[in-house]
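All chains are identified by letter, namely A, B, C and D, in their written order; residue positions are counted from 1 within each chain.
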Amino acid sequence: MKNLLVNLVDKNKKYTEEGFLASYIPALLKANKDDLGIYVVDIKNNEEYWAGECDVKFTIQSISKVVGLIIALSDNGRDAVFKKVNVEPTGMGFNSIVNLEIRDEKPYNPMINAGAIVTTSLIYGETEERKLERILNFIRRATNNEDINVNQEIYESEKETGDRNRSLAYFMKSNGILEGNVEEVLDLYFKQCSIEVTAKDLARFGAVIANDGITPWGNEVLMSREVCRIVKTIMVTCGMYDASGEFAVQVGIPAKSGVGGGILATVPRRYGIGIYGPALDQKGNSIGGIHVLKNLSEELELSIF
Amino acid sequence: MKNLLVNLVDKNKKYTEEGFLASYIPALLKANKDDLGIYVVDIKNNEEYWAGECDVKFTIQSISKVVGLIIALSDNGRDAVFKKVNVEPTGMGFNSIVNLEIRDEKPYNPMINAGAIVTTSLIYGETEERKLERILNFIRRATNNEDINVNQEIYESEKETGDRNRSLAYFMKSNGILEGNVEEVLDLYFKQCSIEVTAKDLARFGAVIANDGITPWGNEVLMSREVCRIVKTIMVTCGMYDASGEFAVQVGIPAKSGVGGGILATVPRRYGIGIYGPALDQKGNSIGGIHVLKNLSEELELSIF
Amino acid sequence: MKNLLVNLVDKNKKYTEEGFLASYIPALLKANKDDLGIYVVDIKNNEEYWAGECDVKFTIQSISKVVGLIIALSDNGRDAVFKKVNVEPTGMGFNSIVNLEIRDEKPYNPMINAGAIVTTSLIYGETEERKLERILNFIRRATNNEDINVNQEIYESEKETGDRNRSLAYFMKSNGILEGNVEEVLDLYFKQCSIEVTAKDLARFGAVIANDGITPWGNEVLMSREVCRIVKTIMVTCGMYDASGEFAVQVGIPAKSGVGGGILATVPRRYGIGIYGPALDQKGNSIGGIHVLKNLSEELELSIF
Amino acid sequence: MKNLLVNLVDKNKKYTEEGFLASYIPALLKANKDDLGIYVVDIKNNEEYWAGECDVKFTIQSISKVVGLIIALSDNGRDAVFKKVNVEPTGMGFNSIVNLEIRDEKPYNPMINAGAIVTTSLIYGETEERKLERILNFIRRATNNEDINVNQEIYESEKETGDRNRSLAYFMKSNGILEGNVEEVLDLYFKQCSIEVTAKDLARFGAVIANDGITPWGNEVLMSREVCRIVKTIMVTCGMYDASGEFAVQVGIPAKSGVGGGILATVPRRYGIGIYGPALDQKGNSIGGIHVLKNLSEELELSIF
């Protein structure tokens, strides 16, 4: 496995040249465009394998949508959550507002910004601080890493440049989908997107999902089996922005990407996988990471289909 | 003329029953649904005629978009304004955000909310107070009425329920169309919408526009002839929400309506007309007012076409 | 006037270089891109003035939408026509099908393809031949030119490449807006678009419209005053594709353009104007023609606003 | 298993009352709204189980999209097919044309009408008859039923009322996505939709897909493993119209429905499932069938997620 990973990183490193770094926040441009790493946790024996840059920290960005969904489902139950957000994939972009106006007042799904803002608003907690604590606590346990935290610089930039998200949130506030104080919800959302992780952290989180919600290293139950199943389903249908359908055909495993360059992937009952590669393709997914996952899926027959 | 107006109000009063009051703000529901009034200023001899409720105060609402456009054009010149907002009519609703996303980053025209928020943002003034003062001062001179002011209760409600406008504004902020502090621009916009007028006030404002920008009562120049021409043009193509085309065919004069029940209309070189009738049709225009204007246009051959 | 026209053509000829010829049909590319002509009929004295290429034949294309609308209104009355097609302007393109699906089953207005296919379908006549004869007869009388005819080569190309129009027509057939045999309606529509005219012909047609529907040369009534008024209104709000609003602000007269390079324009109670200039701008309007009209409107104060 | 199926049909029969029969073709209204049947093929031992109406014939309708996709992929290879049609899910309706105009010239996926018309156009064959023969031959082998044929009455009705599909096809013809003779492609498409099957037939077809493309009863290879995997993936992401995402969350198996009341479902390496229940829900899926599948998935843990 170790050799396979090394080979795949070598072979696909060239694609990073064609990619581009996320640039809407200056701090994201500090990433090293060449970086490409993959980390795999085999849940059968709890062995770990890796290749490339697996200890570089980056912000979780959209991958936090998975976290928000898990906690919102666990807190509120499936019916309450899906009363506020649909689970239909959409071929439109992740921050489209047309989706909200043309068809339905509910966001299409929890993997687009509008939907994730809603799930974040549904997380329990008396105060914003308490809610953030619960999010951080979940991620720390799911990654077996107590040092997980918010990157303050990125958070401040997100907040400063977050007007499109503000637009989405006020739109949903105006039609009753979003409740509570908009700026507070957004603040929590921006913090959640600014949590720092490594490819290793993501691989462990993926291992928990692959293991039906239970940590392979400590047998701690982090989510119910049903929540775990729902999350995997939505990752497949909506996890890779508007390239989700193509990724399902080519790779065929539940995954979620973020513009920080991370990909969280999970092969049910087999592997948790974490990718880091900040060079993105046109859809906003790690360009090298997609290629590595495609090859890995072919080699090991990972597709669930 | 006086008799004609009385007859037209009598004849069309019945339509007010089919209409509905604007209800997004509780205070607007206090209006008397039966009210219907028309006030006409004949600019040739500066004579005034009226029938029905012409001294009832109501908020100017979308008619303020004409004011914002006039001041923005006078302050910045036509090119600077139209770099930020198009002048194309749209068949879509007044608060549509689809318009912004699908086609162009610029709002379609200054008579929809998005466009009016932009023109308001372009009004000169060191402080928000100063800008409001300039708006009020303009309306006071254009109506020959020093008592014009903001209705504080309505303003506060507008501000409280203005999330859809916030959504539009943050969207435009995110793509660079709207500059400055969003909440301050919106605050001014909400105040401007909450200015109270009567049908009589609107008729006088209409008379100024009919008279190429000069007050018929005092020969004061309130806007250049070019600004006046542009404003009349945009009133024809976009003034009556998504019923503008139909109104142009049926009535054929520059006009702008507001959900407070007012209509500002102007017959070039002949009349200024003010309507008050808070019962609205499906498109948000005064239902009795539209019928009165249609009949009046037929009787006096007012259509500019 | 003659000198003015010559100067305006000279001054604006340079813009033809920036334009492009319509290319969806090979035969349209045979046009001489440099050509630019304007022909003016002064209806007060029935004098005619011109400059540039005013005898070059070209196909009427979308200007035929005005003809179809006039005949459909005269045949069916205003209510019957507007039950099938709206009169709202649209900021979207002339061949957009989104308009049909998102908002309303009726086409936005008779100046976009969908709407014009509908008005053509409403023209009376036992057979397709008879309907075409009536169209040709109308144009011949409106241009005082018995030689007007269909360009067979262009017609055949239109028919061959008309799949987008077929798509629009079958869409409207499927929702009941369009009645009768789709291919027959389209055939008539393609023929109507392929009628050949000159700038002189268009100027005379414009003079009839400027003269309330009566030929200035023979006092023949070609349409009722009401039909004439409606047509002028719709030309202002929707005549120049999705640049109609801008044209209204800059020029301010009823006009309709075609991708053959023609513009039919009319100044109520003053002038009929015909333009030929096959070099088009991005919106599909004659680029030189728009500039000439803009200057002419400024010089002679032609804006109706 | 037999008992389980009988119980599930009994339990869910009540939902058929809330459903409605497809009505765009009169012949479809002849179906018995109460009917509800499920047929299961266990591929491990090639045992078959059923309950309810499993021998009633009905037209395959949209389920034929799976057939068209399989043959197009086998004939042309994956790259050639996906150059003409995307594989992204869309939250919009199955016959939306907005999809084609707003975003991309390629249809979103092969499970919406536009996409299926394209895949049908890609099927090899010298003549239309030969292509139909190949389609029928495929289905006969996949269902182990030599009697499969086109329902002539339904086919003729489809053809007669197929204007929306004509609109889609001409749209794609106009932008180069669809090649060849539009009416011929549509004729084949309408015939393919009018093929008659039973729940039993669908179950066997599902068994072939569950068995990686090989008939469990005769070990005949009907499609490559890769084609089989792609088809299952697209069934999951796009198979149940705009309820695909919800079905994936609730049931979690590859499935495709048709407005004739059929559902083809497949549980990889375990079962082929056929449903018949002509009472449809708002999305066009068999209302009783969806409930039966949901219960069955919960009972037997069929979700692939």
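In this section, contacts are C-beta pairs under 8 Å (C-beta built on N, C-alpha and C of every residue); 3 or more make two chains touch, one makes a residue touch a chain.
By chain, UniProt protein names: A, B, C, D = Glutaminase.
Computed from a predicted structure; not experimentally measured.
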Show which chains lie in contact with chain A (Glutaminase) and also with chain B (Glutaminase). none
What whole-number Å value describes the gap between the mean CA coordinates of chain B (Glutaminase) and chain D (Glutaminase)? 54
Chain-centre distance (mean CA atoms) for chain A (Glutaminase) and chain D (Glutaminase), in whole Å, is 32
Take the average of all CA coordinates in chain C (Glutaminase), do the same for chain D (Glutaminase), and state the distance between these two points in whole angstrom. 47
Quick one: which residues in chain A (Glutaminase) touch 2 or more of the other chains? 102
Graph of touching chains, which shape: line, ring, star, complete, other? ring
Provide the residue numbers of chain C (Glutaminase) that touch chain D (Glutaminase) in the complex, in ascending order. 96-98, 100-102, 161, 163-164, 166-171, 173-174, 182
Chain D (Glutaminase) partner contacts - residues on chain A (Glutaminase) that touch it in the complex: 86-92, 99, 103, 108-109, 229-230, 232-234, 236-238, 242-246, 248-249, 252, 254, 268, 303-305
